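Provided herewith is a single structure, encoded as structure tokens, for subsequent inquiry.
For clarity, chains are labelled A, B, C and D in written order, and residue numbers in each chain start from 1.
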Amino acid sequence: MIEKRKEEHIRIAENENVSAFHNYWDDVYLMHEADPEVNYDDIDTGVDFLGKHLGFPMVISSMTGGAEIAKKINYNLATVAEKYQLAMGVGSMRAAIVNRSLSDTYSVINERNVPIKIANIGAPQLVPQGKEAIDEKDIAYIYDLIKADFLAVHFNFLQEMVQPEGDRNAEGVIKRIKELSGSFNIIAKETGSGFSKATAQRLADAGVKAIEVSGLSGTTFAAVEYYRAKNEGNAEKMRIGETFWNWGIPSPASVYYCSDVLPVIGSGGLRNGLDLAKAISLGASLGGFARTLLKDADQSVEAVSRNVEMIEREFKVAMFLTGNKNVYELRKTKKVIGEPLKEWMEV
Amino acid sequence: MIEKRKEEHIRIAENENVSAFHNYWDDVYLMHEADPEVNYDDIDTGVDFLGKHLGFPMVISSMTGGAEIAKKINYNLATVAEKYQLAMGVGSMRAAIVNRSLSDTYSVINERNVPIKIANIGAPQLVPQGKEAIDEKDIAYIYDLIKADFLAVHFNFLQEMVQPEGDRNAEGVIKRIKELSGSFNIIAKETGSGFSKATAQRLADAGVKAIEVSGLSGTTFAAVEYYRAKNEGNAEKMRIGETFWNWGIPSPASVYYCSDVLPVIGSGGLRNGLDLAKAISLGASLGGFARTLLKDADQSVEAVSRNVEMIEREFKVAMFLTGNKNVYELRKTKKVIGEPLKEWMEV
Amino acid sequence: MIEKRKEEHIRIAENENVSAFHNYWDDVYLMHEADPEVNYDDIDTGVDFLGKHLGFPMVISSMTGGAEIAKKINYNLATVAEKYQLAMGVGSMRAAIVNRSLSDTYSVINERNVPIKIANIGAPQLVPQGKEAIDEKDIAYIYDLIKADFLAVHFNFLQEMVQPEGDRNAEGVIKRIKELSGSFNIIAKETGSGFSKATAQRLADAGVKAIEVSGLSGTTFAAVEYYRAKNEGNAEKMRIGETFWNWGIPSPASVYYCSDVLPVIGSGGLRNGLDLAKAISLGASLGGFARTLLKDADQSVEAVSRNVEMIEREFKVAMFLTGNKNVYELRKTKKVIGEPLKEWMEV
Amino acid sequence: MIEKRKEEHIRIAENENVSAFHNYWDDVYLMHEADPEVNYDDIDTGVDFLGKHLGFPMVISSMTGGAEIAKKINYNLATVAEKYQLAMGVGSMRAAIVNRSLSDTYSVINERNVPIKIANIGAPQLVPQGKEAIDEKDIAYIYDLIKADFLAVHFNFLQEMVQPEGDRNAEGVIKRIKELSGSFNIIAKETGSGFSKATAQRLADAGVKAIEVSGLSGTTFAAVEYYRAKNEGNAEKMRIGETFWNWGIPSPASVYYCSDVLPVIGSGGLRNGLDLAKAISLGASLGGFARTLLKDADQSVEAVSRNVEMIEREFKVAMFLTGNKNVYELRKTKKVIGEPLKEWMEV
């Protein structure tokens, strides 16, 4: 059942327009440097992220696992993550807990030398939902399964809410996070609606190591569920998907809010290396890409590779054209913020 | 004659686009809480409104009565109001005063156990208009007829003005309101153009208990009368309808202005439970829905019921996703205001 | 030749879209008063303008004369000006100076009892342009011809500039105005580009009695000349018409700038009585309508009359809905200014 | 090879839409002066630019050379530059250095009496790029070749970056500029992305005499290269062209930033004489036009001449309508800045 749903998610994400109406990265402008005084070939795109080194500050955000098709996707992504020295997350690993025969759809990434590996579990699963919460042993299992560096706990309550069958308890999550943060390096991750500054602060206090914002701009699960509902002919669920289609904190605003508090992975709507540079310029340490890689990953290593190579190229070009020799300088580069994003930056 | 006009109003409201060009609720954004720390099932959507308890802060705004078709509509609405424990208004009760044989098209709501019932009369009828003003005895009659908790006095002077045959005297209304406010619990209600803060203050001084803003965003009677004029081939009346189509104070601005002064029912353009949550977040105690329920009410109890269930669900989801356990907390939730609404919030 | 050009102007103004791209009156919002406490029938729309009384603060702005078709138009307009007690201007009277046999195309308005009559001459004609400037005797002739209360000196230098054959000297205009202001009651009038505050001040110092702003929003002569050029197949002139199509100070901004300095006639783009009320609310004493009356005036008294009746009605409705019993109160009514007009109000 | 690429550039610039999505000159509004008190025929459009006199403040920006078609274009442009007494640049002269037989495609402009002649070389060629940097002797050669008054060093790093084969070293440019500024009058020139204030300051410190901003609004080489890539079927290069299509500092903002620091040539997106007047009003000394002249220059002297005559006319009309008798006054004329440009003016 999970497996079937996962595949449906992938097909919808590949074929339908599941993006927010406005991509707020379009409201961020970097200040051009006509005379960059940089040799492109000397630009160092490398970064250290909490002790590990990456080729450039890109994360392949958590997408899949727990289905046959996912195995291929994860393998292709891992191959490219190794090639470009990227961080990579796998999709929610609940399936591997429930059904260990699906474990290899995740652990396939161990066949490649991925510098930062991120396990993934939903925040809703950390607390009882009718059924019992996932226990620490299970988490240790998935963490070890991929030899993870981090555990992304994804906060996808919008998605849960737009499904009638979704998990509906969020109480106690922070307590569980606090407990788990002794044993695991936790990244608090959204899936399309972003984190506010206050929430980032609360998560930092609970021992979280980093935030992946995944704000409003790109994939929204209200849209994904809208299309699932459409396939099912479920008018009620279609309506709630429409109502919450554009719900959330714009990605760049969320990066800006949270990066005062914790290391941040800027994500949600990144389409290219210029968007990545914008994320860094607003304070992110890394930037995460999900849906924009999906179709390529479903196709071949070469397809993803070409895409990632372009992202790296565009990112390096943005560094060059702003006259920044390394990623740490880029974080302080000048920028201009346009409407409608501006309203969010001023609260 | 009234009866025929009432039916025409309903048909137009059901079938034509009688909304303002811009729905200003689209300019209100609630701050998402990624980790709400709430159990959805524990969320208390209940509210007390001036001594009465509601299942969630929804009012079925005054729409109809005085015609056969209205009886069915009111019956269907009342059935749903009982089911979800909502407040409900009936349409203008002048018809019942003029022709008591029409009384049951209103009193039909007594067949259901509606927690808050709101009688309805036009402010223009409180003062002489060529014909005499309605006297207190008549008001007592309609109040008792539905065993009302409140009397909504609707200020629909825009509508009067766009009809050549409309009532044109507004002098003395406030004096009548002051007199009546000793005997009846009065809600001052607009029908699509909203109240300013100064007006709310004057009405509060006159003894009014609450304001239903019904501002600019949804149904505008300039549009309704435009279509009536079109049917009649009356070019002059069509023109005045067009000229004043977008007249009024945007609903969210009016909620914001008035809620410092009196308990407020936010209405005018609410389409779903998220809009309702936005109204509450700006200071409203309750939110009112009219036209969005009309077609369903004309059809069946089941249709309205499904719609209201979705509104409740969306409302509760918005509470959940902003991390608010009860409606009183929701009123203090963070929000962002976009253009063009922003200009109205700054005056 | 003038005669032919005049007719061409009229045909173009009737049949082509010769308006600025944006009508800035759409950026002005009046604050609705739900409980106006006014009897519509008691509203006094009358105003005194520099010693004369008008039925409501409307001017029929200068449009025509000097051609057979103009005679009918002026007659029709004057008939309506008498009926509604409006001020009325005739078009540029140069034709009557050059060729006195055309005088009756202007003086036809004396057949009606128009409360304020405004003679009209171009500012460019007050100074030498190759040919000699018009002398005071000629001005006295046209002033007396229509028994004028005012002399509108129209500043139409944009129009002159977009025609290759246009007058190109503006030097000495202010000196002539100063001289003439001893003998005539002068209104400085634009024809679609508005006055700045500094210019209004200079004109006030020169003895001008009032300003008719005729700003950017409605008719622009860059467009009129564009269409003339198109008819002639003159690509150069078409281009300059396009380049300056949206040149000028938005009408509401100009009203706002100038009304600190002199009595103001708000004009340029007024379409209805609501626009008129907006002009008054920004400080204008009267509001002027031109092109919106042209087609009706070319047709019949009845057609213009119907239009003016609607304008009056809409104006009175706007007064009513803002709770203003007379025009002087309306000038102080609350308003909200939106983008893009706002940028102009803040300089 | 260079020759073929040059011709391709020209064809694309003539036939495809290679402009930024938004022309920011549309966000600049000049304050109209209804009574300009100027005689159009007395307006002095002349300017002195660093010791040389021009008929009006227009530069024909650097476009071409090094190909047969370029010779004709340069000849036609020079003929018009003489006629209207304009400054004129030739395109990048690298071709003449590499292959002296191409020299006459540049020196053809010596057949006309052009008041200010601007030689042109790319900043990337001033530093080693695998191959050696251009030496001072070569620069002296091209400078003398056209008897240049200035050497425009063009900073086109965006263009280099969107081509896989582009030059990628920018290190040492400023040092070379400093050295060369002893022997040549250098203008630092962009080609579509503009200069920031800080960069202008650095260039001033290195001895540069003026800045030609060529900001974002008109031609963008990301677009030009996008179309070349499209012709080649090179998807990667198409993508990077799209990603950086709107990269850069809006032309009017760049004029505003830099004119505090150095004499400025406002360029990038100028379409007519009104845009030129806007550039001057923001502080530019001259304004540069490129692509808008290209097709005409490719056709005939008459075609360019007609275009330039219109530009001059429109410019003079703008001076007249703002009441400015000479170009120095125009620089202080009042203006209003609209969105989205405004965000850039406030940083």
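The rule we apply is simple: contacts are C-beta pairs under 8 Å (C-beta built on N, C-alpha and C of every residue); 3 or more make two chains touch, one makes a residue touch a chain.
Because the structure is predicted, anything quoted here is derived from the model rather than measured.
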{"item": "Those chains which touch subunit D and also touch subunit C", "value": "none"}
{"item": "Same-residue or different-residue interface between subunit A and subunit D, half as cut-off", "value": "different"}
{"item": "Turn needed to bring subunit A onto subunit C - CA fit, degrees, nearest 5", "value": "180"}
{"item": "Centroid distance [mean C-alpha coordinates] between subunit D and subunit B, Å", "value": "61"}
{"item": "Cα-centroid distance, subunit A relative to subunit B, in whole angstrom", "value": "43"}
{"item": "Numbers and ranges of subunit C residues touching at least 2 other chains", "value": "339"}
{"item": "Contact footprint of subunit C on subunit D as seen in their complex", "value": "29-42, 272-274, 306, 309-310, 313-314, 317, 320-321, 334, 336-339, 342"}
{"item": "Contact set on subunit A toward subunit B in their complex", "value": "123, 155, 157-158, 161-162, 168-174, 188, 190, 193-196, 199, 202-203, 236, 239-240, 243-244, 247-249, 339-340, 343-344, 347"}
